[in-house]
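In the two complexes that follow, chain A is the common piece, with chain B as its partner first and chain C second.
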Partner chain A sequence: MDESRPETVVVIDDDRAIRLSCEKILVRSGYEVACFENGALGLEAVADRKPALVLVDLKMPGISGLEVIARVREIDPTAVVIVITGYASIESAVDAMKAGAYDFLPKPFSPDELRLVVGRGLEKRRLVQEARRGELERELLKRRFVTFVSHQLKSPLVAVHQYLEVLKRLGDTDEVRPKREMWLDRCLERTDELTSIIEDWLTLASLEQASFSRTREVVDVRSTIRKLVEGYEGTAAERSVALNADLPASPCPVSGDPTCLAVLFDNLIVNAIRYNRPGGSVTVRAECRPGEVVVSVADTGIGIPESCLPLLFDEFFRVGGRGEGSSGTGLGLPISRRIATEHGGVIDVQSVEGSGSTFTVRLPRHELEGAPDVAGADTALEEMSLP
Partner chain B sequence: MTDRAKILIVDDDPDFTESLACFLEARGHRVMRASDSDRGVELARSCRPEAVVMDVMMRERTEGFFAIQEIRRIPELADVPVFAVSAIYTAEPTFTIAPEAGWLAHDEFFRKPVDLDELALRIEARIADRREQEEARLP
Partner chain C sequence: MPGDTKVLLIDDDEDFRASTRSLLEGEGYSVSEATSGREGLEQALADRPDVIVLDIMMETLEEGYGVTQAIKFQERFRDCRDVPIVMVSSIRETPDERFPMAGEVDMVRPDRYMTKPIDIPRFLDLIQRVTRGRRASRV
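Presenting the complex of A and B:
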C-alpha cells in the first residue's frame, strides 16, 4: 500500500453542521474526507472509494445507522466503523458494537475528541494490516522452507540412498563393480553437501535470532580480509584464479562481531572464486571513507543474469546452471546480507553477465573516541592475524 | 523379462540418473540420459525411447511436466509410457492416470528414492503391453 497517500474517511450524518465540522477538522488533520447526508449515498461511496474509516450517525432517516454498519463491514471488513450519536446510551452503543463498529463518539464532541477517536481507529486498522502482512510473510517463508527441505535436503539423500541400494544388490556384478569406488566417493561428497547445507541453515537461523549482536569489538577489516585471502590462496590457485587483496595503509575500523564479519566476507570470496573462470581474478578491496568502510569483492567470472539480481540475496535462491558441479547451498548470500544488516550496513551487487560481478559491502565506520584505545585494539588484531 | 528396451532418463541429479541407469542396464536395457528437459526432448525425438523416466521437479519447477507434454507431441511417442519421479510430494500420489486424462494419460508416479524393482517391473510391463499393441496393429 502507498503510505504517502492520505487515508480516506467517509462521514455519514443527516446533520449538516456535524458534516461540516467533521470535514473541517479531519481535512486539517491530513485526511481525505467525503461527507454524505444519508446511508444510501454513504454506502455507495464506501463501495466506490474504499475508505479506511467510516463515521456513521446512528439516528438517520432512511437506512438506519446499524444497517449501514453491517453493510460497510460486508463491503470492506478492514474498514473501521465509528458511530456518532446524540442518543448516547448503553443499549445503542452495545448494538453498534455488535454490528461491527469499533468505537463510539457521543454528540456533542470536541475537535480533539474526534481526532482522538479517528486516530485510534486508524491505528487499530494499521495494526491489523501489519499483523496480516506478517502472517502472510511467515506463511510464504514456511512454504518456501517446505520446498527447500524437499529439494535441497532430499536430493542428496535420495542420491545416496539410491547408490547404496544398487551397490547392495548389484555390487558384485560386472556392471557395477568397476563403479564402486566412484559411487562411494559420490556418496561421501553428497553427504558433505548435506552437512554444509544444514550448517548454513543453522548459521542463518542463529542470525535470525540475532544472538551475536551483543558481541561488539573494534575490528579492522583489513586484517579480516588479509586472513581470508591467505586462507583461500590454495583454492584459488587450484582453479587458476588470481586472488588479490587491495588494502589501504591506514586502519578500516568497524564495530562488530569479528567471527560474523569474517563469515560475511568469506561467503563473498568463496563465491567469487567458485563462479570464476580459469585465468580469471578476484580482487578484494577495502577503503576507509568518511563515516563508512567499503569492502568490494570483484571477480572476472561468469556474471549474474540481470533477471536474477533482485532475488540474489533471497534464501534458497540459486542462479540456475552456474558452473559445473557448483556446490553452493543457496544460503551464503542471505547470510552475508543478514550480517551486513545486523551491523548497520548494506550489501549490493553489480554484475555483467559473462564478464563478472562486484559485491560491495558498506559498513558504518567505527569513530575513534580515544585514539590510544583503538590503536591498541588495532594492534591486537594485527598481531592475531600474523601466522 | 522384456527384451532389451530403450529407456530415457531425464533428471538434473546426475547421481540419481547414474544409479538408476546402471540398475536398468544390469537388467539388460539400453539407457539414455539427459540432465535437463531440453536435452531430454531432443533425445526423445532422435532416439525414440520405449519408456521415459522424468523428474518432474528440476531446476525450473514443473519443468518436467512441460517436457512430458513436448515428448507427447512427437507423433511416435504420443503413447510412450512416462514414469514421473520426484522427491517432492505432499500426499502419496499413487496415481495411474485414466486413459481419458489427456496428455498425462500414460503416466505413472514414483517417489524418490524409487523402489527399483517396482519401477523396473512397471517399465517392463508397460513396454511389453505397448509392443503387443503395436504388433496387433500391423496388417
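Presenting the complex of A and C:
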C-alpha cells in the first residue's frame, strides 16, 4: 500500500451535525474525508473515489442504510463499512452486520470512539489486503514452480527419451550409426544438464534448511575471486569475452563458508560471461571498505529488462525462458542471494537493457579480534592466506 | 506414403526437433524447422505446410498459443488458417484447462494436443490422419 497517501473515508448521513463532526474529527486524524447527505450521492462517490472505509447511517430517507451497505460491498469488497445507528437496537446492528458491515457506532459517540472504530476497521482492511497479497504471491510461485518442472526438468528428459525411442525404431544399420553416435552424445549432455539443475535445486534447498550451522572461517575474497577468474578464462576466451579481475593490494576478509562464498561469486561470473556478447568484457572488482567488503561483477552484455529486475532473484524465474545457447538452470541467482543473506550481506543489481548489468555483493568485513591496528590485521591475514 | 506432405516443426529444443525430424522423414514426410513462434509464422507463410507441429513454451511461456492465435485471427496469415495445428508440449495443462473461460479457448485452440514425451505411434497416426485430406485436395 502507498503509505504516503491518506486513506479516504466516505461519510453518508442525513444528519448535518454528524457529517460535520465526523469530517472534523477524521480530517484531524489525517484521513481524506468526503461527506454526503443521502445514499445515492454517497454510492456515486464510493464508485468514483474507492474509499478505504465508509460510514453509513442506517436510517436515512431514500436508499436505506442496509441497501447502501450491500451496494458498497458490490462496488468494492475490500472497502470496510461501519454503520452509525441512532437507535442502538441489537437487531438493526445485526442486520447491518449480515449485510456486510464490519462494525457499528451508536449515536451519540465521542471523537475517541469514532477514531477507535475507524482505526480498527482500517487495520482489518490492511490485514485482509496483506493476506490477499500473500495468496497471490503463493499462487505465482506455484505457477512458476510448475513451469520450472515442466520446462527445465522435463525438457531434457523428453529429449533423451525421444532420442532413445527413435533410435530403437530405426534399428541398427550403417546408415543410422553416425546419427546414433551424435544422438547418444546429446543424450549425455542433456542428462548432465538435468543433473546440474537438480544439484542447484538441492543446493538451494540445503541453504534454506541449515542456517548458520555451516563452517565459518576467515576468507579473503580476493583469493576466491582469483581462483574463479583463472578457472573461467578459457570459457570467456571461447566466447571472445575479456574477463578481468580488479583486486586491491590488501586483503578483503569476510567470515563465512569458503565453498558457499565461491558458489556465490561463481554464479555471478558465469552469468556475466553467458549473457555477454562477443567482444564484450566482464570485470570482477573487490573493495575493502570500513565495515564491509564489496564485490561487483560488471558485464557489457545484453542487460536485463527493467520489468524483470524485481523478480530476478526469485526461484524458478528466468528472463525469457530457455533460449538456445543459454543453458542456465534458473536457480543461480536465488542461490547467490541466499548465500549473501546467510553471511549477513546483500546482493543487488543495476542493469541497462542492451548495455550490461552490474551485480554488487556487500558482505560484513571480518574484523580480527584484539587487533585494532588494521594494517597489522591485514598483514596477519595475508600471511594466513599464503598457500 | 505421405509423398510430398510437408510438416513444419516449431520448437525451441534442438534435440526434440532433431529426433522428430528423423522420425517424420523416416515416414516419408518433408520437414522444415523453426525455433521460435515468430520464425515459425514466417516459415508457415513461405512454406505452406500441410501440418504444423507446435510447442507451447519457448522463448516466452505461452508462445505457442500466440502462434495459433495469429494464424486464426491475423489477416496476414489467412492463407494458413486451414493448416491443421498439432500442439505438443511438456505442459500437462490442456488448452481447455489453461483457458477455462467460455469462448476463450477458441481463440487459441490447436486442432490436437499431445503431451511430451509423445506416444510415437499415436503421433504418426495423427499426422497421417490430419494431412490425408489435405494432400487429396491439393492434388
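We take it that the second predicted complex is superposed on the first by the 231 of 387 C-alpha atoms of A that agree within 3 Å, B and C clash if a C-alpha of one lies under 4 Å from a C-alpha of the other, contacts with A are read in each partner's own complex, and residues count from 1 in each chain.
The working rule: a residue touches a chain if its C-beta (ideal position, glycine included) is under 8 Å from a C-beta of that chain, and two chains touch if they have at least 3 such contacts.
No experiment lies behind these values; they were computed from the predicted model shown.
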If you stack the two complexes on chain A, which partner ends up touching A:Arg73: first (chain B), second (chain C), both, or neither?
neither
Applying the touch criterion given at the start, work out whether A:Thr173 contacts chain B, chain C, both or neither, answering first, second, both or neither.
first
Looking at the overlay, does A:Arg190 come into contact with chain B only (first), chain C only (second), both, or neither?
both
Go through the superposed model and pick first if A:Ala159 touches only chain B, second if only chain C, both, or neither.
both
For A:Arg125, is the partner it touches chain B (first), chain C (second), both, or none of the two (neither)?
neither
Name the contact category of A:Arg285: first (chain B only), second (chain C only), both, or neither.
neither
Give me the intersection of chain A's contacts with chain B and its contacts with chain C, in residue numbers.
147, 150-151, 154-155, 157-163, 165-166, 169-170, 179, 183, 186, 190, 320-321
What residues on chain C touch chain A, complex-wise?
12-16, 18-20, 22-23, 26, 35, 57-61, 89-92, 116-118, 120
Touching residues on chain A, where the partner in the complex is chain C:
147, 150-151, 154-155, 157-163, 165-166, 169-170, 179, 183, 186, 190, 320-324
Quick one: in the complex, what on chain B touches chain A?
13, 15-16, 18-20, 22-23, 25-26, 57, 59-60, 87-88, 112-114, 116
Residues of chain A touching chain B in their complex?
147, 150-151, 154-155, 157-163, 165-166, 169-170, 173, 175-176, 179, 183, 186, 190, 320-321
